[in-house]
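As structure tokens, here come the structures.
You will see two complexes here that share subunit A, one where it goes with subunit B and one where it goes with subunit C.
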Partner chain A sequence: MTSSTPTAPSPSPAAAAAAPASTPASNTSSSSKPSKQQQSSSQSQKPKPANKSKDSASAASAGGAAAAAPADGATAQLTPAELKKRAKAEKAARRARERAERESGAAGGPGGAGSSAGGGAGGGGAGSSAAGKKDGGSAAGSAGGGGSRQLPRRGSAQNASQTGGGSTKHKKTDDKNVAVFGHLYGQQRRTTVAGAGKEVHPAVLALGLQMRDYVVCGSSARCVATLLAFKRVIEAYTTPLGTSLPRHLTTYLSHQITYLSTCRPLSISQGNAIRALKLAISSIDPSTPEAEAKAFLGEFIDSFIREKITVADQVIASSAAQKIQDGDVIVTFAGSSIVKQTLLLAHKQGKKFRVSIIDSRPLFEGKSLARALANAGLDVQYSLIHGISHAIKAASKVFLGAHAMTSNGRLYSRVGTALVAMSAKERAGGVEVPVIVCCETVKFTDRVALDSIVVNEIADADELITAEPMQQLTGLPDPVAAATASAADAKKGGGSKSAAAAAANAAAESNTLTQNVSSPLTGWKESANLQLLNIMYDVTPAEYVDMVVTEMGSLPPSAVPIVHRMSTNM
Partner chain B sequence: MPATSGPLTPGLASFLKTLKTNPIDTSIDNLISLLKRRQIRHSRSCATATAYLLRGVISASRTNDASKLIERVQHVGRRLMAAQPREMVVGNIVRRVLGLIRDEAEDDREGDFNLSEAGSESQPQTPRGLDDPTDALSGRHDGSDRGASRQPFSALTAAPISMFSLLSHPEAENSLPGTPISASPSGRLLGHAPTKDIRAEVLDGISEIIDELTQVDDQIAAYALDHIHSNEIILTHTSSTTVQKFLLKAAAKRKFTVIHAESYPNNHEATHATVSGANPHDDELLSTESFQKPLIALGITVILIPDSAVFALMSRVNKVILGTHSVLANGGLVAAAGTRVIARAAKVHQTPVVVVSGVYKLSPVYPFDFDSLIEYGDASKVIEYEDGDLVDQIDVQNPLYDYVPAELIDLYITNLGGHAPSYLYRIVSDHYRKEDISV
Partner chain C sequence: MAAATSTSSDVAKPFDIVATYNELLRSDPDLTMPIAAIEALVLLLTHSPSSTISETLDLLEKSTAHLKQSIPNPIGLSAGTDLFQRYLITTLQRPGQLGPAGDFNAIRAHLLSNGRLFIRRAKESRDKIAAFGRGFVRDGSTVLTNGGSRVVASLLQQAAGEKGGPSAVRFRVIYVLSSAKGDVEGSSAEPEGMETVRALREKGVPVATIPESAVAYSLGKADMVIVGAEGVVENGGIVSRMGTYQIGLLAKAMGKPFYVVAESHKFVRLYPLGQYDLPIEQRVIDFKTEEDVADEAKQQEQQTQPRTPDVKSPDSHDSVDYTPPHLISALITDSGVLTPSAVSEELIKIWF
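Take a look at the complex of A and B:
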């Protein structure tokens, strides 16, 4: 579904762009109307492509002479950014004229050519805006428009520098992208809320950043958070005049969804939930009063969360906890909320077992799981991915969480899961450890995956560079942080350091100290040929999974497509 | 003691520096404490230190008597191996030195067949033989300093042997060819007169071992082009000079891609340094190695990944090349933690696993208890200081090594060439003598 959600919003800006573009094109030239439209449209940010295409369309239909009129109107009120746009409009007009001249011979040529050029420009504009930056569109647009009049000189110089800078930058990032995963480096994750569409609700803005920073992390958590945010969006929503809620709300929501997906690619569960929500919206009768429709949708979201996640988790936890027996050693990987719930429930039922948590860089999700389980009084053992073969030696069962289950029965989960499952299945002693996956059916998808390369998510490679907290701990005078660090902190750090050094192996300590001061990777982006790869997920072969515990019962992985079909048809 | 003096941080460099000046017993104790404190870590550093120490031990023990040398080396070797039983290279080097002495002694014995020559050769040695008692006495002094428990034993054994050798000297010279032959089986090597300078031969042999240790990586790297073809994707793990040199050698001729798993948390800093070409801060590496170019400087694309991504990427990997800590006689190996899952993932994906290792890492030990080979490290590397409260509540484990069974390995490349895991026992029997397997 990760593909379906990004594709869903993309038609909408294009459609929005196409709809207004067609109207002025069909109307014959009226010089006042475009300028008025421009005024109104300049207020809102979204219709930029529409605006652009409108300009070009009107200019094309009016010919070169008419292009001057909207341009004058624009300079009166608009910023340099608008100047650029005007230059583009001129250029589009010129191009249309040229084409018209080329095609001339036919008497009805200009009109048809103009409209087609306008449509093309509108499509291009929408495409570039979807890609993220408007200057990309402007640079592309002005590439051919080198010398028209006074303005173009300045514009062309600017554009040349822009395009030049853009291309070198592109080259550099390309070098840092791992070639095999080239298809996954689509867009940088959004870093700020700046540039987010006006219609994006504050709750969604906040959620986007939380998801990006892994504050809201985990497939179900993200799903629930998205639905709750959308509930607030719907509560705050009022249907604009001249349209109906079921028609307009879907496009309105897709702006929110696009924003969320630029913060972090959507999870399977998010996609499934959004699809269900959109289905519910479209099923509303257009004649229903708005308040009633909104209440219905709020109710729908609540029941979806309750049925698909909250209650489902309880059902899964209780049935998975039955699989735990006294004396078991449960191995789990990273921090799955449903596995945590299962283990806590089994502990509450009075079962005596040990948990061995395997964790991985860079998220260390297992740490919070370990803390939660230890606080509840469980016997917890913790090691990192390098200790798998040691942890699995004593294991009697492996419990795994899931990001998604694909239709070919494979488990799509946090990267490293496959290693744990593999170790469980291929233990040296020849005894296989059962691998049990806990997964709500909302995480089932009709997509299939054979390897972890085609479908995956790339996180920022800088996350892999060793974190700084070590420096604070050691209290060494770090040249960069020294200015910001307070003296008291430094003293405290120094004290703890000397104590640690006295207690532990001093030489090794000093060794790590010197190495932590500057990680050898800090300048990795400057060193050619060096790439860092930080993928989020991997695909575990179906034969490593013995059982999938869902709210519909415990199934073999081969049952995933059937259950998925059942749950989506209902 | 530690960080105050920069160049004299305890380690291989400081040990070798002080080896010349310090009396040999101080050096032995020094190395034992270095091993115990894990201030010498890498296999090769341990091997080099052991070899140099044994050279010192042999040159310090002023005897030409093979049995005394063996006994002395065995004694030192036992102490070193007891200091750090999991550094199997220490035992390997000790065994090889013992084997050297035995070989020399046997050559010597065979040389006795033509005694007319041997006798004339041994003529200039007679004065040395007469000097022997005093030397033996001084050696005994050293022995008494070393360990009080050993003193009575050495006092008992040293005196009779030196007396015996005194007496046997003229006898060997005067007797018929038949007598030494009948004498040597009875006394084995023990009471046999040294007819040539065993000590010098053994010292030469140890120097050869030391040379081998310095050249082993280059020798292994010479096979690189036989195993790496163009446009290959090679996965490796942790930082190993042997692997790095192997890849560098191939990189000079061919273009390929290297995926490097970082082996967090025990060796990731060194791995990062290896990958990025930053100066490794590791004092234990010899200075020549720190000047090594990184692969990226040769135009090789290096992709650094966390250990968890190994399975995800394995479907794209053509070969897995691994370094190791030590190799066991059954073809299994003890390598950095995380190696086993990598080898297993490679097996699952039908990707060949190549292990590059010097012969000196090849241990005659047959593992019956794999767990005893595994060393556990500092838990604070797994849970950092800020999460210190967790340490009280949970059991944090940081294994340093993995045992990788032989069936996961497809090929070993040593300085002698490429071998199947099943062939390793032959190399073991070539390098170590049966009587030394349990030192």
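Take a look at the complex of A and C:
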């Protein structure tokens, strides 16, 4: 326990808040097994599990705030009074946790802070029943929605050196890096707001975690969210004495940006937006009154979002929708917001076409797209990437979203996109389907990508382990494992603090955890000769892209650098 | 400009843009579709009594739409109308005397004079292209070409003629003539391009004429392919006479360079994804059973005559295909020799 001093006061409020919460939470009949994270009831627990439960707590808070999980049967069983009680407890627990984080945030690195908060959680849950603990685990798991935030993260080097049990793990971490992508493992994603630096604005703190947990996901969404957060930062900003706004604000924003990039590497669109914002800041005359300058920047951000994203999306959607004709079968990959907008618009225009959504693990972004399109009345077929060759046979057009377009005309997008584009161009298979990319010019970059190895992003490999819960008809999944796991949980006493925090989500996706435990890959870090790779993006060669629809018109991929030059010079 | 004077003489009659356009095309064989469209629009503005900018733009938009609707294949035409509209808007937005604040009559006069200037320049561009393209026709080479493109004709003639450069190039031409003979009504008319063939032969250039079916056979003897275009689309592909695509495919398969000659006013804001993505209705592939044929024959007997040529003509003569950019080696335009990917750059420059 490295940072024991700030930890001391934290458990008591957390425990007080969490204890009542566990009782109503136990009502939700969850078949899940407890996660490993609720291991120790004492504060002197091992740092690693502490980190984990901290992880889940932050995931729960972010997930719970942004995406309220749909209520299912279990939630419905609760009486209103119970629900109210639960909500209250949840709120109290959140407050307590936030306080704990704040206190511990000042001292120590992320590892220490994480363990302290987790310690509080563990302490709180000590007295509660096994059922409550189980729920706590599942709630924490479900909050992230489909991801696997409840799983342990690899400790960073810093983390490991700080904590007692980390040293052995550090050695293993190195083994677990896939050699070809070794250069991408550079920094671990931040798991906590602790140690973020006091100048980071709360809005940015929250956004960072949301981006890390894929609550704010997608290039445009991240760009808009960042700009809006920065708008609040600028509103709250006062120029210190002795400097001027144009000179100081840029460095002040840099702290925010650094924090964001430790949560998740910045997207190209974010980078472009930030560059534009910094340019606007530096263009302000130092003699301008502060209020005026801030108003100008607020206006600038608003108009940037409007011009580069909102209106651009409308223009793109309307021109891309023109390419959809009656009888088309549109194949799309994952869940691009602009493709969704396009398809909905075409549907609204009365065009009759089908949509085939190709999705992939672990993010399953296509699911919400499928739901949205089906709700709008479109015919939707949903399949995963391994069904691509089948799906592409019936296709007449492929619409793709983009993370970025590089200067050599290549498409940098969610991993799997290249496979879809290449399948569409598989001449030998007798298929030749036009591939259309919808992309705002704010996503253009002057970088060049030759492969998907040099520039990419590695996500937590643990995300690959969680599988979607499967409906099993033949009895409970692996009862032995379930029994042992629950026994272990009973012994240890899990973090019912996280149970309290995310109790509202407990019912939803409560099965997720089942799979974790039974997955053959759990504990892959401990087993030798096993590496997991969870890459985020891939590069589609320009030859596979027929058309890029931007707000400046439709272009061949070769025209990307020209348009990028023009849109940045303006 | 005989057409212009004839139409402007009867002011009393409401201005008919379609008739003017057709008249312009007929009266001047050298006129391309986009230029005829621009000229028709300029004439329209001379006749229109509009006195405000929005009125002018509105009128322009309406007549453009009308014109596009009444012409079976408006691709080439829309290049001209779009360009003119764009030019008008940028002129009107420009600050100064001719901007929104200025006197509208002055603006109009300026527009009209500039429109005429534009037309003159467009006609001159053909010579410019010929100058750029001459270098491609080497001594002793054989050029395969098709269709009745005036730019290709002028390029070849200039290459052959003494006045074009220091010395005339000795080259041969394989001219692909469309199978107009197969047509029932076109049998009497001579195939498109025969005029060029005669002109070239006159200049001492050996010309062989082949049917479209002999392209693959003859391509082995050719060193390059030069074709004209009706429109150059945004990705650098071309919309051209039916039969160009197959020549492109064959040239690619045989590794012969495939050059396209087109004026830059033929650049269209259009992005076809394939042959069937063109914004025109073409009835090239028309599946029929014996029953349908009988039905049609019966209908034709009953129906009045004017319908028949209208429907028939786009199929037989004016049908176009789309040649994708990867088949094109280079585009020889009046703004230089461009790769297909540079076309979008040129287009973006015009539009932004």
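The working rule: the second predicted complex is superposed on the first by the 345 of 570 C-alpha atoms of A that agree within 3 Å, B and C clash if a C-alpha of one lies under 4 Å from a C-alpha of the other, contacts with A are read in each partner's own complex, and residues count from 1 in each chain.
To be clear about the criterion, contacts are C-beta pairs under 8 Å (C-beta built on N, C-alpha and C of every residue); 3 or more make two chains touch, one makes a residue touch a chain.
Note that this is a predicted model, so its numbers are computed, not measured.
Undergrad: In the superposed arrangement, which partner chain does A:Ile436 touch: subunit B (first), subunit C (second), both, or neither?
TA: So A:Ile436 only meets subunit C here.
Undergrad: Touching A:Gln314 in the superposition: subunit B (first), subunit C (second), both, neither?
TA: Touch partners of A:Gln314: none, neither subunit B nor subunit C.
Undergrad: Just to be sure I read the superposition right, which of the two partners does A:Ser360 touch: subunit B = first, subunit C = second, or both, or neither?
TA: first
Undergrad: Regarding the shared-chain residue A:Met552, is it in contact with subunit B (first), subunit C (second), both, or neither?
TA: Touch partner of A:Met552: subunit C, not subunit B.
Undergrad: With both complexes overlaid on chain A, does A:Thr239 touch subunit B (first), subunit C (second), both or neither?
TA: In the superposition, A:Thr239 contacts neither subunit B nor subunit C.
Undergrad: Who touches more of subunit A, subunit B or subunit C?
TA: B
Undergrad: Name the contact category of A:Thr250: first (subunit B only), second (subunit C only), both, or neither.
TA: neither
Undergrad: Identify the partner contact of A:Thr288: answer first if only subunit B is touched, second if only subunit C is, both if each is, neither if none is.
TA: It touches nothing on subunit B or subunit C.
Undergrad: Using the touch definition up top, name the residues of subunit C that touch subunit A in the complex.
TA: 234-236, 269, 271, 273-274, 277, 325, 340-341, 344-345, 347-348, 351-352
Undergrad: Spell out the part of subunit A that touches subunit B in their complex, as residue ranges.
TA: 178-180, 360-362, 367, 370-371, 374-375, 379-391, 414-416, 418-419, 422-423, 426, 428, 451-453, 456, 464, 466, 469-470, 473, 496, 504-508, 510-512, 514-516, 519-521, 523-524, 527-535, 537-540
Undergrad: Under the touch definition given earlier, write down the residues of subunit A that touch subunit C in their complex.
TA: Touch residues, subunit A against subunit C: 323, 397, 434, 436, 546-547, 552-556, 558-559, 562-563, 566.
Undergrad: Help me check something: in the complex, which residues belonging to subunit B touch subunit A?
TA: Residue positions touching the partner: 1-3, 9-11, 37-39, 262-266, 268-269, 272-273, 275-278, 281-283, 295-296, 299-313, 315-316, 336-338, 340-341, 344-345, 348, 374, 378, 380, 382-387, 390, 393-399, 402, 405.
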